[in-house]
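There's a structure below that I have some questions on.
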Amino acid sequence: MKSLLLRQIIEGALLASPTPLAIKDLEQLFSDSERPHKDQILATIEDIQLDCRDRGYELVAVASGFRFQIREQLAGWMHRLWEEKPKRYSNAMLETLALIAYRQPLTRGDIELVRGVAVSSDMVRTLLEREWIKIVGHRDVPGKPALYATTKQFLNYFNLSDLEQLPELTGVTTIEGGDHSTLGSLESARHRAIER
Amino acid sequence: MKSLLLRQIIEGALLASPTPLAIKDLEQLFSDSERPHKDQILATIEDIQLDCRDRGYELVAVASGFRFQIREQLAGWMHRLWEEKPKRYSNAMLETLALIAYRQPLTRGDIELVRGVAVSSDMVRTLLEREWIKIVGHRDVPGKPALYATTKQFLNYFNLSDLEQLPELTGVTTIEGGDHSTLGSLESARHRAIER
Amino acid sequence: MTRITPKKIQNNAFPRQVEMPFAVVQGQTLSVVPDDLYIPPDALEIILEAFEGPLDLLLYLIRRQNLDILDIDVLEITRQYTAYIGLMHGLKLELASDYLVMAAMLAEIKSQMLLPRVCEISDEAVDPRAELIRRLQEYEVFKNAAMNMDKLTRLDRDVFLARAEFSGPNRVILQPTVTLDDIKKALQSVYERSRLSQHHEISKEFISTRERMADILKQINNQSFVTFGSLFDLSEGKLGVVITFLAMMELMKERLVEIVQPNSFGIIYVRAQEL
């Protein structure tokens, strides 16, 4: 297949698709006889990325694949397209989400233990509905509480390709000037919680 | 404004908007002090069109304005994007659709009020794209939120000739054995929302 | 679970002495504030804004005074914390039990620190503050993480999907099938939920769970055992029964009452928790 056509197909598919496309999704666009090699697809993506340098949009990799998006610097103008202001999330929601993201998998009880307040069912339901979190199992203790973890959609939404890209946890100081780091104690708190 | 930035903004807006944008919509993107002349916007659009010559997409004028679309020659590959088995709609999506069908016209805020959780833009967009719902107006309150209603296509899909034919709800019991039905309470929730 | 909801100032009567109000905040009068309480100028506003919880309030108190978490003066912090709680109580904000639990924990730490150590057998001198410090630090880590998360580039706020229409021939979009029954069921489940939350709303407006908790405690404190059934007043209707039940659950959770059933299917008794 000519490289120009290959590029047009990949470009077209990425702009037409409502969800990010992974390499294997792009491979599916082609019949067996014309299917390009993975490396060729990747090289084409790099080409497209280069060509977009000066454009109002860019081609980025997020958790579930590649997508075109409008450059962040243009957000101010883009907002005028919609009447509604983007939603602000409450601190409670962000704290809950942060705990799930950094500590997954964990139960609602684990979250309450750290936050010191009850986590409302509505909040958990909203996160589940947005498909930012999902139930990945149940802890084997009485009541079999659900264990929550973040999803690929969560990463997509926050423009991340994997959990490693989350900002590092800050505010970590050592206790009693010693070997006992907060992270260590966090870790042990978590294990205590899991053992319960 | 620099012509490169102007081009990026117009390109970005046309790619971000779910509907075609007319020249006057594009003018609205800019604050009074930075707003370019109509001719400048038109010239920019021509520039963009030229740049897309070899791309998988093109910028075309349709009845209600300009939009980017995938080149027709690529149709053979594009349709494979949608070939995989359709996913089921989430309960959240079905609930949103049901509320619009039975309570139309109503805003996203009304739906959120009754459902108790946020309604994602994706959900509304999917229903709009499927042409099951449409915007029938805007409520005259700050923010002018869009009012949604179901379409003819919705009725056709379900083989209904009008909304009266929607199944009656069974098991909608009255609260406190009285005049206070759930529907009534929804209605009042809705009115509260409208009054706000 | 109730949280501090400043907008809904409860009207349930706590008999209070009438004193000269020194301030009026959102229509409520404030009368007593300990003179030596450290109250920054914006404190009242901050009190009225819900904290994320007791740990958040504590962190705030510590940070406002530029104290190090590792070196908190528990006596001072406890005093400040309870003063704030008192202030909120004065504003008749319904306090979540979480705040009261923390107050109890602080009081316990305070008493441990005041009591002379009887024996120092254990070589690990356990600082009674250690657990609190650990929790504060852990909470602060995630409070920061939440703030950082809010700064991440976010779809529909910082970046937007770039999409182009595809309307060429052969556009076969396989859409999920939906039946009328699906829609009907979906609506019924919304109604079900909205009915439940409506009960909740009524409970906030007419009968306070907290007030009912106090009533129950009064009833059982006079007698050693009370039968479960006798605590319900059927004349109050479904709503009253639900509130009483919720109040009892809450009392159990806070370990203020004990519920026993000697035989299966036998009579259930409620008694005050022995301390």
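The chains carry the letters A, B and C, assigned in the order they are written, with residues numbered from 1 in each.
The working rule: a residue touches a chain if its C-beta (ideal position, glycine included) is under 8 Å from a C-beta of that chain, and two chains touch if they have at least 3 such contacts.
Source: prediction; values computed, not measured.
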Chain closest to the assembly centre - both centres taken as Cα means = A
So which chain is the furthest away from subunit C, centre to centre on CA atoms?
-> B
Rounded Å distance, subunit A centre to subunit C centre (Cα mean) = 30
Approximately how many whole Å separate the CA-defined centres of subunit B and subunit C?
-> 38
When the centre of a chain is set as the mean of its C-alpha atoms, what distance in Å lies between subunit A and subunit B?
-> 24
Would you pick out the residues of subunit B that each touch at least 2 other chains?
-> 12, 15-16, 57, 68, 70-71, 74, 78, 84, 116
Which residues of subunit C are in contact with two or more other chains?
-> 156, 160-166
Of subunit A, residues touching subunit C in the complex = 12, 15-16, 18, 57, 67-72, 75, 78, 86-87, 89, 91-92, 94-95, 97-99, 101-102, 114-118, 120, 156-160, 166-167, 169-173, 175-176, 182, 185-186, 189
Inside the complex, what are the residues of subunit C that reach subunit B?
-> 156, 160-178, 180-191, 193-195, 197-199, 237-239
Which of the residues in subunit C come into contact with subunit A in the complex?
-> 1, 3, 52-56, 69-70, 96, 98, 102, 130, 133-135, 137-150, 152-166
Quick one: which bits of subunit B touch subunit A in the complex? Just the residue numbers, please.
-> 4, 7-13, 15-17, 28-30, 54-57, 68, 70-71, 74, 77-78, 80-81, 84, 90, 92, 108, 116-118, 120, 125-126, 143-146
